[in-house]
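These notes open a run of structures that come right after.
Both of the next two complexes hold subunit A, though its partner changes from subunit B to subunit C.
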Partner chain A sequence: MDNLSELLHGFTIAITVPHLALMVIGVLLGILVGVLPGLGAPNGVSLLLPLTFGMQPVSAIILLSSMYWGALFGGSVTSILFNIPGEPSSVATTFDGYPMARDGRPTTALATAFGSAAFGALVGVILITFLASWVAQVALAFGPPEYFAVYFLAFASFVGMGGAAPIKTVVALAIGFAIAAIGIDTVSGSVRLTMGIDELVKGVSFVVAVMGLFGIGELLVAVEEEFHARAVSSRIDWREVFGAVGRLPRHGVALLRSAAIGCWMGITPGGPTAASFMSYGIARRFSRRGRYFGTGEVEGIISPETADHAAGTSALLPMLSLGIPGSATAAVMMGGLMI
Partner chain B sequence: MISRRALEFATAILTGSFGVAVVIQSLDNGIGWSSAGVDPGTFPFLTGIVIVAGSLYNLVRGALPAMSPANVPIAITSVELRRLAGLFVPAAIFVAAIPLLGIYIASALYVFAVLAIPQHRSILWSIAIAAATSLALYVVFERMFQVELPHGWLTAALGF
Partner chain C sequence: MLFVDQKDFVWGLIASMYVGNIVAVALVLLTVPVFAALMRIPFVIIAPLIVIICVVGAYSVSNSYLDVVMMLGFGVVGYLFKKLFYPLAPLVLAIVIGDKAEDAFRQSMLMSKGSLGIFFANKLVTCLVVTGIALLLLPLVLQLARLFGKPASSATEATSEEKVII
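== the complex of A and B ==
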């Protein structure tokens, strides 16, 4: 129970007016940088890092973690409203979030995403508090073979459970691998697949890939169908917000399962991206309404969002206890904490 | 008008040639095992093989008569094609013009052309928006974020 009293002590420090104000500011700033597709959580947090230099350490940690969560959630907002993920881990949210928003239920989609994100993060926090020392040992045992197994499972579940023709999915996956292999190989240091073009030595950045594959693709589809922008309007109806959050417990199994997947992937540094994809794939496989996935299913939003945020939160655990960041954003944050 | 079958063909050939490029390029890095372990070209080589094989499969499958109910014969009608070209062609010209004119002049011209020609806005209004766009780009990127955007050969030749 030592942990519990320390957790409560932490709350008494955190719940003071200036700290609460900092949290609000941090989350808003985080959502702002998360919503901008080019920026994403790691870049955004590093941009905002200088703000914390003049602060007390406690305030700095509060501001940084609020920005971290804000940025994680901001990525989901653009996924749902524009079908343009703000960061890799919210790609899986577009599969059901965007169809639901286009269906005229953007508020429900956003509220569902937010509710599941909160649940995932909460589970992550509880886990961090109670299991820190035990989990640290498990995380240390996670090596290259385990990474390979986790990602292989995530990709294989995508081929097997995707709605499109499996061979086309395989080709698309392999093209993704090939694009990721462009540039300097991190293992051997040799330059691959550049065709002698100097700009490619750095590789293809995520921003470029997302803008090309999601942004321009979405624009072309919108133009093909009708000549006006089809960003879904999102007038917020509070009854709908509370209704959507209130309906979350009905999907309790999906919530718990996704939170478990997310925590596991966050601790063993598989990261939020693998977690959200795997959670989506597994939900699709086990849900009774699995064949409706991709058309705006509630569980299709819950699963990736819960796992994403559970992983995002528990990624802080290896960082705080071992100094090994579980995600790129956590790595940037660690840089901030060390100063 | 573009038929579904032509689209399947084109996509398969496109992905297939990408795969061939990946395979050829990865041979430079060596495939197989050496004293240092797996050669760096092995993984791209294998993904390239997968891309080529999958593309061939898609090519053959696309050539066969409609096999699934989802196969609609016409993928893009001529009206839709014209709309797509209306977005794509000016954008392609814009991107091609950036190395020559620099991003500020090119984006001003692009915004002006897109507003003045298909939307039939007044010339004055289009010029104002175009100038404002370039100015906003300059202020946000060069001044606030200190990011150098491409200035282009023309502006360089003029001494900026």
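== the complex of A and C ==
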């Protein structure tokens, strides 16, 4: 296996003391960036770019990619604890992560999320290792019709597999499309639905929408329900951290299915967001405990997290083999490589 | 092509992704108790903090006050959705990839000069579109089946589904 010997050679480059130190720094910075909503991985990576100018290219990319890891992990933290997703791709994690944390099991929720995220990422990397050239060809075959078909499938899977009434799902989708249409139309260049407000020309930012919908919306519901008794007595126990990770193999089917969805969506640049939503929807339909999804189910955390990270990782593949970034962060990182 | 031109660099990166992943998981699992401890803070203290984080976050997107106002507006929308049992997930999904989907659709329409046949032009795209259409029609078919099958059980199932809405 030619790739394998190349990989081993790569390990000799990666596992050196300065590079390991860079990884630790990158991951910690990444977690910090990921935890603060609104900053997000693409911004964080671009903030770090100037730091890498004086470095060897390999060291620079190691710092950037470990920061990417850190930010991906950190993004799940606020989704689970406060129902505020820091990244589009961690929105689906809030559905079950937040109820579980509210239920007094934040340790389990976080550990499960991190464990399955790591699994997804690992599958993504393995895919890159062995299938790089083959996958590159598939990605090349993707034109606008294919992109649309993938997005269409993501929307349709919500109507067909979501837990809500299909009509309500369609209504929610329609409102979302209307909001997405605000701003400059990228095909014709005309300005739509801005009602004469200049600031709306750039469109509605995802971060703004999500922090309002999830963060503030949840807060309003909480305030209405019961103002005082919402402090959660969370047990903090190392055994619970490792117990949650140890229980992951029991959900092997969900893990593998989500990783497959994630890889597929990452390579065909459908992206981690669509991947995590789709994986959640499919898990809800196929899981035996599907009807309890949304109340703090373990598989409801595993599915979106695994898919998210599998997609996030395999999104690096088109970048490496073709020079097409599969995600915003990958694009910024590629910018860093070119400097 | 990076893979051909700079082998050392690419494989160094891929190897560092393996190692970096392990380092990241280890570090992140170590921080779990710290983050979990945040949940112990009483709601009366956490709630204003969340508002502050949201306001600062919304403002910092493009230094615009309008974004803060819109964020609060979305908060009310989120509240209404929850109260009326509307799902938030499709709304967010449509906001995030709605314009990308529209671009892709209109580019395909330009390519095919307005014919929908382009979505059935090759195996891959046909497969995706047909699966999508099948999923769209699935609830309708299920509902019809329920209507004609056993009318009595349909009511109870509808209410149980209503409860698990996100």
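What to note about this one:
Just so it is clear, the second predicted complex is superposed on the first by the 330 of 339 C-alpha atoms of A that agree within 3 Å, B and C clash if a C-alpha of one lies under 4 Å from a C-alpha of the other, contacts with A are read in each partner's own complex, and residues count from 1 in each chain.
Operating definition for what follows: a contact is a pair of C-beta atoms (placed from the backbone, for glycine too) under 8 Å apart; a residue touches a chain by one contact, two chains touch by 3 or more.
In this text the structure is predicted, and so the values were computed from the model without any measurement.
Look at subunit A after the overlay: subunit B and subunit C fit there side by side. Of the two partner chains, both subunit B and subunit C are touched by A:V171.
Once the two structures are overlaid, the count of subunit A residues touched is higher for C than for its counterpart among subunit B and subunit C.
In the superposition on chain A, contact of A:L220 is made with both subunit B and subunit C. After overlaying the two complexes on the shared chain, residue contacts for A:G75 are found with neither subunit B nor subunit C.
In the overlay built on the shared chain, the residue A:G266 is in contact with neither subunit B nor subunit C.
By the touch criterion defined above, A:A181 reaches both subunit B and subunit C. Look at A:G97: by the touch rule set out above, it reaches neither subunit B nor subunit C. In the superposed model, A:P304 makes contact with neither subunit B nor subunit C. Residue contacts after overlaying the shared chain place A:R192 against subunit B, while subunit C stays out of touching range.
When the two structures are aligned on their common chain, the gap between the nearest CA atoms of subunit B and subunit C comes to 5 Å. Contacts of subunit A with subunit B, set against its contacts with subunit C after fitting on chain A, overlap at residues 165, 168, 171, 174-175, 177, 181, 187, 219-220, 223, 227.
By the touch criterion given at the top, residues 15, 18-19, 21-22, 25-26, 29, 36, 39-41, 43-44, 47-48, 50-51, 54-55, 57-58, 61, 76, 80, 83-84, 86-88 of subunit B touch subunit A in their complex. For subunit A in complex with subunit B, the residues that touch the partner chain are 165, 167-168, 170-171, 174-175, 177-178, 181, 185, 187-188, 190, 192-195, 219-220, 223-225, 227. Within the complex formed with subunit A, the subunit C residues making contact are 1-3, 7-25, 27-29, 31-33, 35-44, 46-47, 50-51, 53-54, 56-58, 60-62, 64, 66-67, 70-79, 81-83, 85-108, 110-112, 118-119, 121, 124-125, 128-129, 131-140, 158, 160-162, 164-166.
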